[in-house]
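These notes open a run of structures that come right after.
Both complexes below contain chain A, partnered by chain B and then by chain C.
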Partner chain A sequence: MSNTLQVPSAVQGAPAPRAAGGPARKSLLTRSRPWLLLAPALAVLAVLMLWPLVRVFLFSLQDYGLREIVSGEPNWIGIANYGEIFTSPELYTVVLPNTVGFAVLAVAGTVALGTAVAVLMASLGLFWRTVVGSAIMIAWAMPAVTGTYVWIWIFDADRGIFNETLEALGLIDEPVNWFTNRYTFYAIVLLNVIHHGFPFVAITILAGLLGVPKEMLEAAEMDGAGAWRRFWRIIVPNLKQVFAVVIILSTIWDFKVFAQVYLMPGGSGSNREALNLGVWSYVESFGQNRYGFGSAIAVLLTLVLLAITVVYVRTMLKEEEL
Partner chain B sequence: MNKRFLPIAALGLAAALGLTACSSGSGDGSGDGATNAEGQTLTVWIMEGTNPDSEAYFDEVGDAFTEKTGAKLDVEFVQWADAHDRFVTSIAGGTTPDVAETGTTWTAEFADAGALAPIGDYVDEAGLGDDLVEGLVTAGTYDDELYGMPWYAGVRSLVYRADIFEELGIEAPTTWDEIVAAGDKIKAAHPDMMPFAVPGDAEFGVYPWVWGAGGEVSTLEGDEWVSGMASPESQEGIGFYTGLATEHGFSSAGATTWKETDVLDNFAQGNIAMALMGSWTPAAIVEKNAEMEGKFAATPIPGKDGGIAPSVLGGSHLSMFETAENKDLAWAFIELMTTGEFAEKWGEQSGYFPGQTSLLDDAIASDDPLVQPFAQQMVEGGGTVPVTPTFGAVQAKKTTNTAMQAILSGQKTVEQALTDAAAEMDEIMNGN
Partner chain C sequence: MSTDTTNRVDASSRRSTEASGPTVAGLRRSRRTARKTRVAAGKAVLVVVLLAFTLFPAFWMLSSAFDAKAGAGGQQLLPREWSLSNFEYVLTEGGFDVFLRNSAIVALVTVLASALLALLASVAVARFRFTFRTTMLLMILIVQMVPLEALVIPLFVQVRDLQLLNTLLGLMVVYVALSLPFGIWMLRGFVAAVPVELEEAAYIDGASWGRMFRSVLLPLVMPGLVATSVFSFITAWNEFIFAMTLLGGATENYTVAIGLKQFFGEHSNEWGYIMAASTIITIPVMVFFVIVQRRLSSGLVAGAVKG
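Then we have the complex of A and B:
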């Protein structure tokens, strides 16, 4: 990008209106002007975001612990941290299945419930829409830690309302600790995360729904399309971008879920079957002062999320072109 | 703007100026020693919450310190929860305080990193060597050098409901068989109660049974740590402890994932008849539920056939950091805090035991049923987990808790769970 150096003179030299108007031959100015305008923001981002990312990558190539922090000496070990991650049997039997499986279910659940609530709200009058909106906002506003403890109390083995109800109904004879089993453990996390995540989806999709032209829906109704068909054939295609944003953001959030697992009974490492990527990296690296290893996991997580986002955005754009 | 805010802003400014004035003096320590440190400031980090009235306590210490040395004392209170991170970042940035309270399991870790200054010579000079609680000295010693000055400690013992024991005519258990006999009686008379809580996520409740049966957690053999968690003795001890839940039904399904705080909450609510709890908990139990006052007592943890099973000493050291410019001054503060009047006062106010043996003797002579048994446990049955930074990694990975939870939930047998735990301990502690 050596062109950027010449930009200032180009700014003075080229007459702006003609450059902007020329359709075929774009002048240097036209091509570089957006970058020029973006430069201050990019410079700030580079300092605040790029440099930390570079540092994390550099740490991931070292055996970096408390001793290295004190001495300030680097301790390069090449890609040994990455080697350890990929040869760890726990990664394939527990950590990845838990993380990916959970993310898929959580994203599907959050988006489905959020959309359903959005459709409900769109069909309500202003008063009831405000009431429902405020109610779901409370679920959203609740801090993750508080919400998690409420779910823990509900499913508490000895005094939780869930076990008491099951016992009263005669479905179980004695209290069951739902936190010791991998699948029931994650079922509770799933409830927690969906409950906490769906309001954002609902509000975002509601905003999109209200922008869908009424005429189009009325026309479809006249042609005899039922509610189900109108939803899939008109609303969904119209809201493709909104769904894309919501799905990508949910995927990123649900991949990184930490507090909702770590705070659950047994979730902080004593139930090895319940480890996910976030808790595993914390227990294996920061708990043991192995900052290099933790950085390597962070780099991999970033790459995975980046890949998912790129693939998703590309498919969306491709469909658009067709 | 608003006139009401002016005085507040002025106060803030004054406070800021005051702070600057305090810190401006430090840094010109020229090794004059501790007695003539006029104009210097000693920065100290203390954990928040141990002593409910620590502000007043440190005002008093500060006055005494200034009188003795001429220097000012600047105490900053740090939350336990983020203390470790704060130490690490300040070590990285070279901004550590002169003296800080360090949890007993951290001292070796920070010493290993080269952040702490050895204090063995000072202790010898002061003639304190024989007057310090042994378990705390062991925990503060790394590579044959003392880095942590014993300050205060607590210990876990068997806490039981004295009212229920009296009602059923049971004596405090002194052997394992008596624990089972007492549990059976309580279970029959009070089916709603948990006779003996066996929490799955509380490792310090596990080691007394290992040691009480003659086992070891991990010992250094030559250059190599060898875990004793899978030995027949350890299996017998942990088998008995988990058996209280799995065979005798003294515990509950929920306790499989309990932490120590859950044991405390449930004991305070009156759901538990016996449990291993710390010497600092009686005050908290009464605070949570005033009705419990006078209804419970403590006794040392019984060994298998009698005697006292060792229990882990938990507590804090005062450590001097390498960044301290005037080490004599730092030591003067440490000595002031950990011996004599102020150490005794801290113990009284916080409910912990002092780290000086001569002060501890007073506690043993006490006839308080919630002080004497703990003091006896501490002196006659105080234990330490392996003193090496790598054991911190074992704790972070929750090796012991994982084994406990696997046994209690029926996922693994005692033998299988402990074999896995021992293998993992060896792997982490020998640095592979």
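Then we have the complex of A and C:
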């Protein structure tokens, strides 16, 4: 199944010790060559990704504010920041629902729409498949920042087309500000995220669908299985792996939604009801100069994503070796 | 197995024709075509709805950008007054000429540096078997999932300590690191796809490893390198959190992604300008995206599914 999806790989099935070293004798140069090749990239990743990850954890154990940044002196307070997070009522009433609830809805919406579009595309002729494919490519390529501004403009309270259309239809009497209410705020974020995220799902699943043996589907049709049953009984089991990857990747992306919330009116902290984990961390750090507290929130977000990533890696390892 | 089913169907249809005569078969056929038309009509409706939903934001952005009266209220689907005035304002007084230049410099440096580093590293993980290789790959995979919100605080402190706040250099260094893991991950598939036999042939002809790399591996990996570079270009061009945090008050160093904030006023937003600027930002990304679309998506899936 996975063979239909991947770039043809010479690694598979080849004997483990490779002849890439050239001459048979293994000189020191040959043995250290992979490390020499890796060194620059590893150095960059160590300094700019791993060390910062260690540091964000160290910050989270301190009362780290502007004074500490300037002086560079540590100010350890143990796990007090974490204590404050877990006793803050805001976490349970606002931040967690906005993060977890949103991610669940966004993943469900993205995967459902993406799958439906993939099935539709698979049933189209080459011309219309190309047209639809190009259209969803445009939605995919739209940068998150500009895409978010366009959605804000569409739902703008005073002159947005959404309000004007509703007024023209007589559904509302005066313009509604959709950004002040928490639920309509997140409904717009949801629309934005699904619109931006479903093309990846559709393209990935389409590639898988086209790889499902035609004979299998035809045989099922001959035996009287309807489209609905063919989908659940043949396509889903065949594409289990693809679905797993798409769902996990979407979950990771939808958990750390930032620009789509932060750029919205009130999303940058002035409307506390709209905070999610990422925005909360950023606003506490750079808005309130409470870098230690913000770091603790960021550590929690990272741990959640790490847990999902572990599931992802294990799903992939089940398939084949790295 | 497939021939078996075909035979069975042939047999059964022949039997039914014989049993019920030609009129019933004709009726059934017309009913089948009616059903087919209904399915086709349903599909056409779905395609139209899908296209409308997918394209509306991009269409609305363009329509507002070309409308001199955008944001004046009562906008129609098409601009009431076609004009380039929004673009003119954005590129001159709006300062987007400077932001575009900044973004182009940052993106170019990021692309070159990360392509070089990622290529070398991907050759190492795709072509050699060494201790910690799997660990290394897992680390690269996991590092991609780290949320930027967690990196932005320590990197802000780090860049501040190096006195690179408000400079483009600080931003470039960060972007190289951000695009590296994905670049290595994708290029690794492309390198692995080059047959080892070609490398061995080069050695037999007396080439050194360096010569083989330049004359055999590099040309064959080039398409993958282009696709990866486009991806890091898009990362650098679109990135928002770090640009906002590291460039802070230095408006003259803003990249396009944060330059948009200029047009948000205290009480009213200049939507015509915002949409014109958004169009300018979006177009390069879309052009590049369409060019590498196929390779990018197959590479994405290769990285994702293959492991």
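Methods note: the second predicted complex is superposed on the first by the 256 of 322 C-alpha atoms of A that agree within 3 Å, B and C clash if a C-alpha of one lies under 4 Å from a C-alpha of the other, contacts with A are read in each partner's own complex, and residues count from 1 in each chain.
Following the convention adopted for this analysis, contacts are C-beta pairs under 8 Å (C-beta built on N, C-alpha and C of every residue); 3 or more make two chains touch, one makes a residue touch a chain.
Just so it is clear, the structure is predicted and the values come from calculations on it, not from any experiment.
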item: Partner chain(s) touched by A:269 [first = chain B, second = chain C, both, neither]; value: first
item: First (chain B), second (chain C), both or neither touched by A:184; value: neither
item: Chain B versus chain C as contact partner of A:175, first or second or both or neither; value: first
item: First (chain B), second (chain C), both or neither touched by A:71; value: first
item: Touching partner for A:283 - first (chain B), second (chain C), both, neither; value: first
item: First (chain B), second (chain C), both or neither touched by A:238; value: neither
item: Partner chain in contact with A:157 - chain B first, chain C second, else both or neither; value: first
item: Partner chain in contact with A:136 - chain B first, chain C second, else both or neither; value: second
item: Which superposed partner A:88 touches (first chain B, second chain C, both, neither); value: neither
item: In the superposition, chain B vs chain C on chain A residues touched; value: C
item: Chain A positions touched by chain B in one structure and by chain C in the second; value: 69, 156, 158-159
item: Chain A to chain B touching residues, read off their complex; value: 65-67, 69-71, 156-159, 174-177, 179-180, 265-266, 268-272, 283-284, 287-289
item: Contacting residues of chain C [partner chain A, same complex]; value: 1-2, 5, 8-9, 43, 46-47, 50-51, 53-55, 57-58, 60-61, 64, 71-75, 116-118, 120-121, 123-130, 133-134, 136-143, 145-158, 160-161, 173-174, 176-177, 180-181, 184, 189-190, 192-196, 199-200, 203, 208-209, 212, 234, 237-238, 240-241, 245, 257, 260, 268-269, 271, 274-275, 278, 281-282, 285-286, 289-290, 293, 297-302, 304-307
item: In the complex, chain A residues that touch chain C; value: 2, 5-11, 14, 16-23, 31, 33-35, 37-38, 40-42, 44-45, 47-53, 55-56, 59, 69, 72, 117, 120, 123-124, 128, 131-132, 134-147, 149-151, 153-154, 156, 158-159, 161, 164, 195, 199-200, 203-204, 207, 215, 218-219, 222, 241-242, 245, 249, 252, 255-256, 258-259, 263, 277-278, 281-282, 285-286, 291, 294-295, 298-299, 301-302, 305-306, 308-309, 312-313, 316-317, 319-322
item: Complex contact set, residues of chain B against chain A; value: 88, 91-92, 109-110, 112-115, 200-201, 252-258, 271, 389, 392-393, 396-398, 401-402, 404-405, 409, 411, 428
